[in-house]
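In what follows, chain A forms one complex with chain B and a second complex with chain C.
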Partner chain A sequence: MHLHKYEKIWLTFGIGSLLVFLIVLGIGAFYQGTQPPSCLVTIDPQNVQAHESFKEESLGLQKVGENEYVVNVLASAFQYNLGKDDKGSPVRTIRIPKGANVTFQATTTDVVHGFQIAGTNVNMMLEPGYISDFETTLDNPGEYTILCNEYCGIGQHTMSAVLEVYEP
Partner chain B sequence: MSNQPSVKQSSAHGVNESKQTDEEPNLKGTFASVMILGAFIIVSWISVFILYMYR
Partner chain C sequence: MISKRIEKPDARLSIGFIYIAFIALFLGGLMGLLQTLVRSGEFTLPFGIGYYQILTAHGVLLGLVLTTYFIIGFQYTLMSKSVGMSEKQRKWAWISFTMMVIGTLMSGTMILLGKANVLYTFYAPLQAHPIFYIGLALFVVGTWISCFVNFSQLRQWKKKYPGEKSPLMAFMVVINMLIWLISTLGVAATVVLQYIPWSLGMVEEIDILVSRTLFWYFGHPLVYFWLLPAYMAWYTIIPKIIGGKIFSDSLARLAFILFLLFSIPVGFHHQLTEPGIDPFWKYIQVVLTFMVTIPSLITAFSMFATFEMTGRKKGYTGLFRWLKGLPWKDVRFLAPFIGMVAFIPGGAGGLINASNQLNGVIHNTIWVTGHFHLTVATTVVLTFFGISYWLIPVLTGRKLTKQINKLGIIQTFIWAVGMTIMSGSMHIEGLLGAPRRSAFSNYGGTQQAQEWVGYQIAQAIGGSILFIGILLMVYIFIKLAFRTPKGEEEFPVAEYADPTERTPKVFENWRLWIGIAAVLILIAYTIPFIDIIQNAPPGSPGFKWPIGNT
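On to the complex of A and B.
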């Protein structure tokens, strides 16, 4: 088969970039263990309280170790349940020290919701029956908006919360 | 046999007929477009990757 000189160049270039992308993807998946936020961990959406992490008292920010936190989130139309504060009113703002290791664990009791912390890599879909989790370290202090970016109904735009990363 | 005139007869000026098959087609423009598109894809991919790594 005869190939034009230019054709040989762009074929090599194309196949070469494909290989580079696949290798990067492979390192991410097999060496660094990257996986989708929802990875086959199931829960009964009708009875989420039966799960240790989604009991009423487990919701919201939990300190689990030296500079290590877990945030349990229960999403439903149209709010994020982040537990209750000392006065018994619902928590709307979560405060985490900069550089801490944080795992967000979330699920939904009704329809598909989103959980994105705008300006960070934390972005997951919450599906009824599945637990989504995302482990991260937040290095940039500031105020971040947590929002739902999966269309879940008429009040979707009101579904938000605030994450504050502060200098310890 | 057929009533169709042959190719040779139909062409009014049959000067370059046999020459074209031996020549390489000019792919300069195609080459440039392919490389520009490739560069665009790679630059976009790298920017998204850098954004992901630094966030």
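On to the complex of A and C.
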């Protein structure tokens, strides 16, 4: 098979940049630890309360250390359960100080949902039987939309909440 | 060896498939328009029709029906033209067609009745009516018959001309049908072994991650099954239309073989943000995903080499002046050319989507919808339109008139403008975080959600322009199928620039390539798939109420 000279240059350049690109991705993933969310913990989707993190009283924002938080989220069609406030009404807004280390931990009691915080890198699928988690630091104060971005039924566009990152 | 024209019975078969494709284009396009209108926030659907019902119809009609029927119909003409078709093969082809149509009608009816608002990806544990899944299964089995008809067509030709290299068109069709056959084994497995028994109530629960993994084992090769027929036209037909020659037979075959090898073992790149899959295996499949850039680079080179050689042969010199030698006023060239141009941003977007970590920025945002309206709904669809301008008259014994050619150029222009607006605003809105597969919502009144509305209005404008394009295309289709003057339209088949070029024999060693494809699939999937099964959580019962299937 004959390859034209320009074609050789073109393919060498193309395949070369491909290699560099894949190495960069690999270093990012395995050396620097930015893996896509891939939690391997399973759970019984019909009895999520059996898990410590998804008991009624564990839901929502939990302070677990100096400047360290966990947010436990229980998704179901068509809402995110983020626990209850002092008055006993469901929490719709989570407030986190800027720069804190936060882990979002979520699962679903029924169908597949998404969990995305628009304007951040927090974006993961919630699937029955699995816990999904995402650890991050939110550095920019402001109001962010939490929403479901995977089709979960005819009310999926109503499935949302708010995250506020404030100046401590 | 290339037969002069398509025999009547063969033509009837192909046009049957293509009729259905154009009906799907019209209905699906109407749904698309309605979606953009709803999402603008200024419009609500009448008669209690649901947004997700029309979205299911849109995805199924355009993503599955239009594409598959057009492709199989077009591929049959390529086979008739290059290797011929026997009586018996034609009979089986009609059986395939009939099964596909019955399957399509079954699933379609369930969508119309609102019993299957599950979108074209039908993710469990959302549960549609069993007839929806049974229809899908019939449709897939119907397409398999077409695979085997195409394989037997080439085998028969080989017997007649032993030792000769197979015609390029037939070679390409067989590669594409191999990709389809191998990949649909995945959806067929999940539909037949999981969804059907579960929706019929024969089993209580379904394993979600297994069903999703089997679905995406099919879902990515699906997009190459759409793209390769466009490449077939670019490689074997466009050179003739522009008055040039095929740049290289071996390169074309090499590109197609690489697609066979690398388009299948890559489904995890659609599951990057999912729990339950080890990130090591996600990365392995990301690497394999990027291998398909190589055949696309080869294709880009071959195309532009053909264009430049043709322009220069016509006497245009200079660095870019050869572009003048191309037939810009011939819609059979212009429409696919605009499709090629759309593949530059489309392909670049695809690289972003598959980039392991970067995927998290765009996953399930409306960016993704913007992306595949560039790739499939522009690159592939405009090439299919470009094919239709000569293929339909060839099949119906009519002529492509000057007037239709002109309308076609306007159609191409409308499509390009409408899509630039719609897809462009989808890309930007997606980067701002707005989700796909969502009816209009103000998301509890956040500032962000307010900023998205402007882009959604832009999408409605782009969508309306596109719908005008669809109406025009349907008009052109009707003209070419029933109205333009009778005559003999040319079936353009390109010749080789260098007819003495020797193509390596190994390219036709089917056992070898299928074997390597199988090994790559086994490497990419065996261990993670066993992990998924061994570590499976309890299964899920069906959920009908969230989709209104009560």
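Here is the rule we use: the second predicted complex is superposed on the first by the 161 of 168 C-alpha atoms of A that agree within 3 Å, B and C clash if a C-alpha of one lies under 4 Å from a C-alpha of the other, contacts with A are read in each partner's own complex, and residues count from 1 in each chain.
In this text, a residue touches a chain if its C-beta (ideal position, glycine included) is under 8 Å from a C-beta of that chain, and two chains touch if they have at least 3 such contacts.
Everything numeric in this text was worked out from a predicted model, so none of it was measured.
With both structures placed on the common chain, the touch criterion links A:21 to chain B and to chain C.
Within the superposed three-chain model, A:110 lies in touch with chain C and out of touch with chain B [touch as defined at top]. In the superposed model, A:168 makes contact with neither chain B nor chain C.
Once chain A of one complex is fitted onto chain A of the other, the partner contacts of A:119 extend to both chain B and chain C. Using the contact criterion defined above for the overlaid structures, shared-chain residue A:35 touches chain C, although it does not reach chain B.
Touched residues of chain A, counted separately for chain B and chain C, are more numerous for C. Comparing the two complexes, residues 4, 6-7, 10, 14, 21, 119-121 of chain A contact chain B in one case and chain C in the other.
Those residues of chain A that touch chain B in the complex are listed here as 4, 6-7, 9-10, 13-14, 17, 21, 24, 119-121. Interface of chain A with chain C (complex): residues 1-4, 6-7, 10-11, 14-15, 18, 21-22, 25-26, 28-30, 34-46, 77-78, 92, 110-112, 114, 116-132, 143-145, 147-158, 160-162. On the side of chain B, the complex with chain A involves touching residues 24-25, 27-28, 30-31, 34-35, 38, 41-42, 45, 49, 52, 55.
Residues 50-52, 117-119, 121, 123-126, 208-209, 212, 248, 250-251, 254, 271-279, 282-283, 286-287, 290, 293-294, 297-298, 301, 305, 355-357, 359-361, 363-365, 432-441, 443-444, 446-449, 501-504, 535-541, 543, 545-548 of chain C are the ones that touch chain A when the two sit in their complex.
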